[in-house]
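Presented below are the structures under discussion, each in the form of structure tokens.
In the two complexes that follow, subunit A is the common piece, with subunit B as its partner first and subunit C second.
Then we have the complex of A and B:
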């Protein structure tokens, strides 16, 4: 059983500090505290600067004795993050987890990973190769992905999905339609109504 | 027909891997996952078939570049998930942690595992590195990984897990459960086959069949 009392405390602590850290954690909206969404700002001075990255968090039953499962839902071009699935290669999310870490400190570590890629221990071999062999192209691609997928306009997709669900559309359909129209909720609504 | 086509497809796939030394295939990949009947009773996990090991889950990794194949089965499979983490602390070292009383001066400190504040006059467990936690919290953690949650101080670990020693040799052998097999794929398999066929045919004809037979004939006549 997840220690929900602890999770509750973590959420409070995190929201108290959100102005300074920029790191947000909120429940996914299905009423359970086992599924959360984390948000981290791209670190300044990196190709991720100006982007806001969403991370899907699933708490295993044994949390905090087991690490939270985290993956990017925002597409990101980084040697240690899968460009396909968003899977993150980070030791503290695996065998180096400690129960003294929290969702916030884990997200801070993920943010630090954005600043300091480890191409020798890659999650995405293609990105890592590019990073090592053609750094300029890597920076260009990473910046382009940030512009395309992590800027404000692409934010809040979960809230938009939620809104459409409240209007009575099935969640899956709402999500795919929103994606198809690039996140514009009015266009999505039009499409859902006409379809 | 279909299976023949499949087989040749697989063969050409391996040939291609070896020929092109494709980097993306450098990572060992999972060839197959075979699972068999669950071997333990969920109600009573300790009660296994005492005599004979049953077939279990099995992973086959093939690394074409090191030209090795690794079969991992059973218990080692579960360990794969937790590899490299600090092993559990020994029971003796957990029991040896002193209980310390929380006094006024410690005010405001909390157990970093459950994030609850320590109660004044309450009792906490203290690790050798002097970090304090609720007894229940730290014991649960140390039974999974024997390191301090705060500073990663490593607790003593048991030399061998007690369960493995008591049971028979069969069990011990199965716990190891890893088989490494080397194999070689010649880059020019086709070419070498073709070139060898004719000479070896000639060789057989002259050496093994005709001359011994001739000897035989001579002896008999």
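Then we have the complex of A and C:
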């Protein structure tokens, strides 16, 4: 059984200094505290700067005696994060977990991982190869992915629907797809294109 | 002079003598109890490691028992040994 009293406390503590840390944790919305969504800002001075990255969090029954399961739902180009699945290669989320760590400190570690890639222990071999062999291209791709997937468009939902309609998609379908991906026009376009 | 005490009403308070106020595992107050207990005190004692970090006995036991190899202190990662 997850220690929900502790999770509740963690959520309160995290929201208390969200202004300073920029790190958010909130329930996924199905009424359970076992599924959460974490948000971290991309660290400044990195190709991830300016982006907002969402992380899916699932708490195992034994939490906090077992680590939370975390993976990126925002696409990110990084040697230690799968560009396909969002899986994260980070020791404290595996065998180096300690029950004294919290969701917030774990997310801080993930944020630190964005600042300090470890290409010798890759989660995504393609990205790691590029990082080692062609660093400039790596930075370019990582920055492009941040721009494309991690930045909230300033457009309102109606304008996004309109934009997709202009591209030739039926209005109803454009609207439901946009809603399904949480208003991200790039993801919506990708989904519409893949049928 | 002789004093006769007719009534005696003593009040005492107690607290655990730990450096921290809360258990690093369950995040509950040391003067409270772990999530599995109802009453603080002797039934839900604190325990110290050789590294001098304290936890609710029940919390650290759950951690030690969940580890397949040597358990480490959740706070400082030194090998966990109960303070003798």
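We adopt the following convention: the second predicted complex is superposed on the first by the 156 of 195 C-alpha atoms of A that agree within 3 Å, B and C clash if a C-alpha of one lies under 4 Å from a C-alpha of the other, contacts with A are read in each partner's own complex, and residues count from 1 in each chain.
By definition in this document, contacts are C-beta pairs under 8 Å (C-beta built on N, C-alpha and C of every residue); 3 or more make two chains touch, one makes a residue touch a chain.
Being a predicted model, the structure only gives us computed values, none of them experimental.
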Both complexes share subunit A, so when I overlay them there, do subunit B and subunit C fit or clash?
clash
Classify the contacts of A:6 with the two partner chains as first (subunit B alone), second (subunit C alone), both, or neither.
both
Just subunit B (first), just subunit C (second), both, or neither: which does A:125 touch?
first
Which partner does A:65 contact after superposing on A: first (subunit B), second (subunit C), both, neither?
both
Once the shared chain is lined up, is A:100 touching subunit B (first), subunit C (second), both, or neither of them?
both
Per the contact definition in the header, classify A:135: touching subunit B only (first), subunit C only (second), both, or neither.
neither
Can A:144 be said to touch subunit B (first), subunit C (second), both, or neither?
neither
Can you list the residues of subunit A that meet both subunit B and subunit C?
3, 5-6, 9-10, 64-65, 98-100
The answer for subunit C against subunit A in the complex is residues 24-28, 35, 59, 62-63, 66, 72, 74-75, 77
Note: in the complex, subunit A contacts subunit C through residues 3, 5-6, 9-10, 62, 64-66, 98-100
Contacts from subunit A onto subunit B in the complex sit at residues 3, 5-6, 9-10, 64-65, 95-96, 98-100, 125-126, 129
For subunit B, which residues count as touching subunit A in their complex?
23-24, 27, 82-85, 112-116, 137, 140-141, 144, 147, 149-150, 152
